[in-house]
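Encoded as structure tokens, here's the structure I'll be asking about.
Note that the chains take the letters A, B, C and D in the order they are written out, and that residue 1 is the start of every chain.
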Amino acid sequence: MGEHAQWNRLGEGRTRRLGRAARLAAGKVIAAEQAVTLLEAVLEPGDRLCIEGNNQKQADFLAHALVQTDPARVRDLHLVQSVLALPEHIDVIERGQVSRIDFSFSGPQAGRLARLVETGRISIGAIHTYLELFARYFVDLTPNVALIAAEAADRHGNLYTGPNTEDTPAIVEATAFKQGIVIAQVSRVVDSLPRVDIPADWVDFVIQSPEPYYVEPLFTRDPALITETQVLTAMIAIKGLYAEYGITRLNHGIGFDTAAIELLLPTYAADLGLKGKICTHWALNPHPTLIPAIEAGFVQSVHSFGSEVGMEKYIAARPDVFFTGHDGSMRSNRAFCQAAGHYACDLFIGSTLQIDLQGNSSTATADRIAGFGGAPNMGADARGRRHASPAWLRAGRESRHDGSIPRGRKLVVQIVETFREHMEPAFVEQLDAWALAERAKMEVPPVMIYGEDLTHIITEEGIANLLLCRTPEEREQAIRGIAGYTPVGMGRDKRMVENLRDRGIVRRPEDLGIDPRQATRDLLAARSIKDLVRASQGLYEPPKKFRNW
Amino acid sequence: MSDGLIFDRLFGPSAHQVAIRGHFVRGQASIAGRRVEVIGTWDAAALDSALTLELAAAVLACVEAPRPPGEAPPPIVFIADTEGQALSRHEELLGLNGYFAHLARCVDLARRSGHQTLTLVNGQAVSGGFLAFGLLADRICALPGAQVRVMDLRAMARVTKIPFERLEVLASESPVFAPGAENYWRMGGIHEVWPDDRADWRPLLAEALAAIDASPAGDQRPQLGANRGGRLLAARIAERVALG
Amino acid sequence: MNAKRLNQASYYEASARARIAGLVDAGSFDEFCPPALQQTSPHLALLDAPLAFDDGVVVGSARMDNRPILIAAQEGRFNGGSVGEVHGAKIRGLLIRAVREKPAAVILLVDSGGVRLHEANAGLIAISEIMRALLDAQAAGIPVIAVVGGSCGAFGGMGIVTRMCDVVVMSEEGRLSLSGPEVIETVKGVGEFDAKDKALVWRTTGGKLRRTLGEAAYLVDDNLDAFRSTLAEILGIARPDNALAALKADQAALTARRSTLADSADGLDIWRRAGFPAPEQVPMLDTDTFNILLAAHPLELAHE
Amino acid sequence: MEHFQITLSNSARADIRQPVLCGVVSSGNLEVLMMQSDSGGICTVDVNTSAVGFRDVWQAVLADFNERHALGGMKIAINDAGATPAVVSLRLRQAYESSRSETQ
């Protein structure tokens, strides 16, 4: 008998916790005022806790309840969640209720987090990529309790997560099937749901929050702010890379550089005859700047990590392009989309703050601990990949200099201006990540994309094709060769760079037949948010801060 | 200055019938044997569309008023005391700038109809409220103690992001941005700053009106600014563009 | 279906020089007081601020549909198109020149927040001098046309100057008013005017509202060709009229506007009153549709 | 603001009959004025910039530009509000090209 018991400690723990919470509700639905009491009832010292904090959707009400719990009862927690975005996520650490954190991204709270680490008030297990953290949910970081957010619940506890499903399935699956407790905050409780995203028997408690959960419009880039230089780098990317490799399956990072590419597809790329030949299948959030390309018939399919505020009606009206439920609204899924971006895309392109001479890049600065979210998953060669595509094969061919067995390679591209605003150089001898690693006592410097994965760098000075470089010296000179007038660029060996140019390793705009004077904003398919709305036939409804109407 | 006193000093105690209604000034007076019309704003008026229409109506009435044959149109004396344009969303919706433009055209019509126009800055003249009518007169005089400005130095420091202390120092070298009737005088934007040692302003007023007759037609202020050394480029550049 | 291409050059985004180049007959522009003279602002230099060789305004003569015109273009991206001593003197000089040269019109491409604070006194005086010179040009029978479609709109003294012009042409992105929303918010509080609520700002100052109120005679698309063809059309018909009868009619209309709009909070109320079928949709309407709807639903002023 | 003059030598003679201005002085942007001078194989560049401490970058950008273009006997004046070298190079090229088209 005693032997049996040790095989079900998790189940007994679950029974114990549910027992303490039983007096709070007859069914699964619990009143908002009881949220703090519920958390105090189910949480035990040493618990691994996930407060669903995605890139966009936040379980903000439950996070707020957590910081009101009694620190004597709720303590020694181990936070395991993808994003530390809300002030409450840091507040609960400052209140001394958390002893350890494992996460992926903490952009909005990066400064506070760095101070906590420096003063020894928190220990970081690791800063993961999204996929890596989700993977560990199923190995050694399974949550005991998950606080999640959904759009709506029915009385049984079925959840509708709608367009912003994001991390929820990964969190709930890990928690529910390892005897954990799942608590959902929902914006409304209804009799019947548009569709069921999370079945009721995976959910223990439902709380209707007084306010709908907060969603940040993270992926909206106002075309009005795209510069001529960004138009130029976008032209270089399209003509020198997308067209050359025939890239059909891809992921774009967030930024004005990539927004410029999206907005040049129906104009510049169409003029080059590239419609149907590039950019047909995407792992991408529903960027509003992709609307003109979709309307122009460039895009066949988009699967998304999460949604974007204001894009709901547009997405629902384009079911051939987006993944939508039978109810018409989109279904996103961060874990699957990350996997798609890693394995099924031929190209990742994104921006960064710094690139060093080996091609390592990072957005880390010395006084902020931010992490990189999903970029490292997309921005890494998928070494397990086996299926071929022309772009993948060509990149593989270019990278093999030793007659080794034929194999493809993912294109991993950084697109930057040589100088950011305030004349901060994008190319550096040493990444600030080293200084951060020292201050925060990290085991490895936080690199976003490793030089060995990086295949191309695009600046307004041209493209460096790192695949074709045969030696570390060539690689360094290729990087210096497109680093313009930064100290790194000015330190180049001019003769060697010209040599690389002859071999097509460094390609200037003129080598590609691009005249920088043609790079004007008039090439953009939309020059304002209003243009995007019009392109969407009025279906896109941008958040207020982006509207002048 | 108390309501009546200024008009006593300008015209003499029994030579004016000027009524002050809220922020609006209207009446008649005589100076050196000539009848003059008095129109203006009072008590640091924030100029809004209603007050602007009152001023414009008064100017139009002067232009329209029947006169005995052979009598010259009477001069119009504008009293400008304004803290600037009214700051209100509704006024912006109405298009307050259009009301000011209308008033400016009315003042110009009066000038072209033969009325001399003279502005007396009393109290303060700020920015848009001053532009709307005061600055359009043939001649502009600042009464003793009058303040003229666009913006005070602290606000300017905030907007231009230039430290206040530095602006203070520079203000002593240049009349171009700091508040003060004297600065406007040096730049030719104000023709006279009246001294504060006279109890009786009648001679000054009569001289000012006579000076309008004596001065050449057209806007002489840029040249005045050059002659006084406070505004060296305005006249020269306008001439280069006009004649070049 | 192909997305509509925006390959026409945007007026809003064009520089002052590019606007002139896009509006006048090719090769006809002759600049006065050109940048080569480097007539920069000594006052900006004193404050150690960036200078521009044209002090933010381009003035000259040109031809439009082969008619002679004088034209000025303010550069909104240099110091918000603000008027200082040199800038103002160039515009004034152009208007004085008009009296002598008798062009078909003077065209002012206004893109300005008003007085330049770095030289506030000089700027205020300069604007009043522009007003005087503008009235002189009109008195000489020269029509003055204002165009408002840039990022700074027409505010402050330049908002007054714009409304003194004989015809105002706007795009929906243009704004025409007096005090900037930021100024009103700073002084009177966010409750009076929330400057960050851009939709409200446009419903209070933007091109569609100004066209509805009749302050702008034309609302055109944001491209240089649309502005050009409208201006060419106006050239033949605009006539200045500052006579007593005209000003009395304006006095009556402005009085009626005050009472008609006494209860209107912003453009929505005005479009509702005018009888637009879906007032809340007006800001999103394209220019042609808006103009057709406005013709069918003009705002009637309640004359007392 | 920082002011300095950079002198370039170039034996290829510029031919500008009409002075040319390109660009606008706004944040991150600049204006370039190109004029003919009578200084033979010399090109003087007057730079007035709000970004203090980048004289060596200006020197490098202008030297590269000088290598590819005929600047002898040209006078260049620049008002800069913190433009990046990319924008500077672009404006220089635009100004140069339009100076040539004006003379044709």
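Just so we're on the same page, a residue touches a chain if its C-beta (ideal position, glycine included) is under 8 Å from a C-beta of that chain, and two chains touch if they have at least 3 such contacts.
Only a predicted model underlies this, so the values are computations on that prediction, with no experimental measurement involved.
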(Q) Of the chain pairs B-C and C-D, which one is connected by the greater count of C-beta contacts? (A) B-C
**Q.** Closest chain to global C-alpha mean, per-chain Cα centroids
**A.** C
Q | Geometric centre distance via CA averages, chain C-chain B, whole Å | A | 25
Q.
Could you work out how far the Cα centre of chain C sits from that of chain D, in whole Å?
A. 33
Q: Quick one: report the Å distance separating chain A from chain B, using the average Cα coordinate of each chain.
A: 62
Q) With chain centres defined as C-alpha means, what is the inter-centre distance between chain B and chain D in Å? A) 47
Q | Multi-partner residues of chain D (at least 2 other chains) | A | none
Q) Which residue numbers or ranges of chain A touch two or more of the other chains? A) none
Q: Check each residue of chain B and list the ones that touch at least two other chains.
A: none
Q.
Show me, using the given definition of touch, all chain pairs that touch one another.
A. A-C, A-D, B-C, C-D
Q | Parts of chain C lying in touch with chain B, wherever the complex brings them together | A | 32-33, 39, 42-43, 46-47, 49, 59, 85-86, 88-90, 92-94, 96-97, 100, 115, 117-129, 131-133, 135-136, 139, 154, 156-157, 159-164, 176-179, 181, 183-184, 187-188, 192-193, 204-205, 209-210, 213, 215, 242-244, 247-248, 250-251, 254-255, 257-258, 261, 264-267
Q) What part of chain B is in contact with chain C in the complex they form? A) 49-50, 53, 56-57, 60, 63-64, 85, 87-102, 104-106, 108-109, 112-113, 127-128, 130-132, 135-136, 148-151, 156, 159-160, 162, 170, 173-178, 183-184, 187-189, 218-219, 221-222, 225, 231-244
Q) How about chain A: which of its residues touch chain C in the complex? A) 266-267, 291-293, 295-297, 521-522, 524-527, 530-531, 533-535, 538, 544-545, 547-549
Q) In the complex formed with chain A, which residues of chain C make contact? A) 1-10, 13, 173, 196-199, 201-203, 206, 283-284, 286
Q) Where on chain D is chain A touching in the complex? A) 28, 51, 54, 57, 60-61, 82, 84-87, 89-90, 93-94, 97
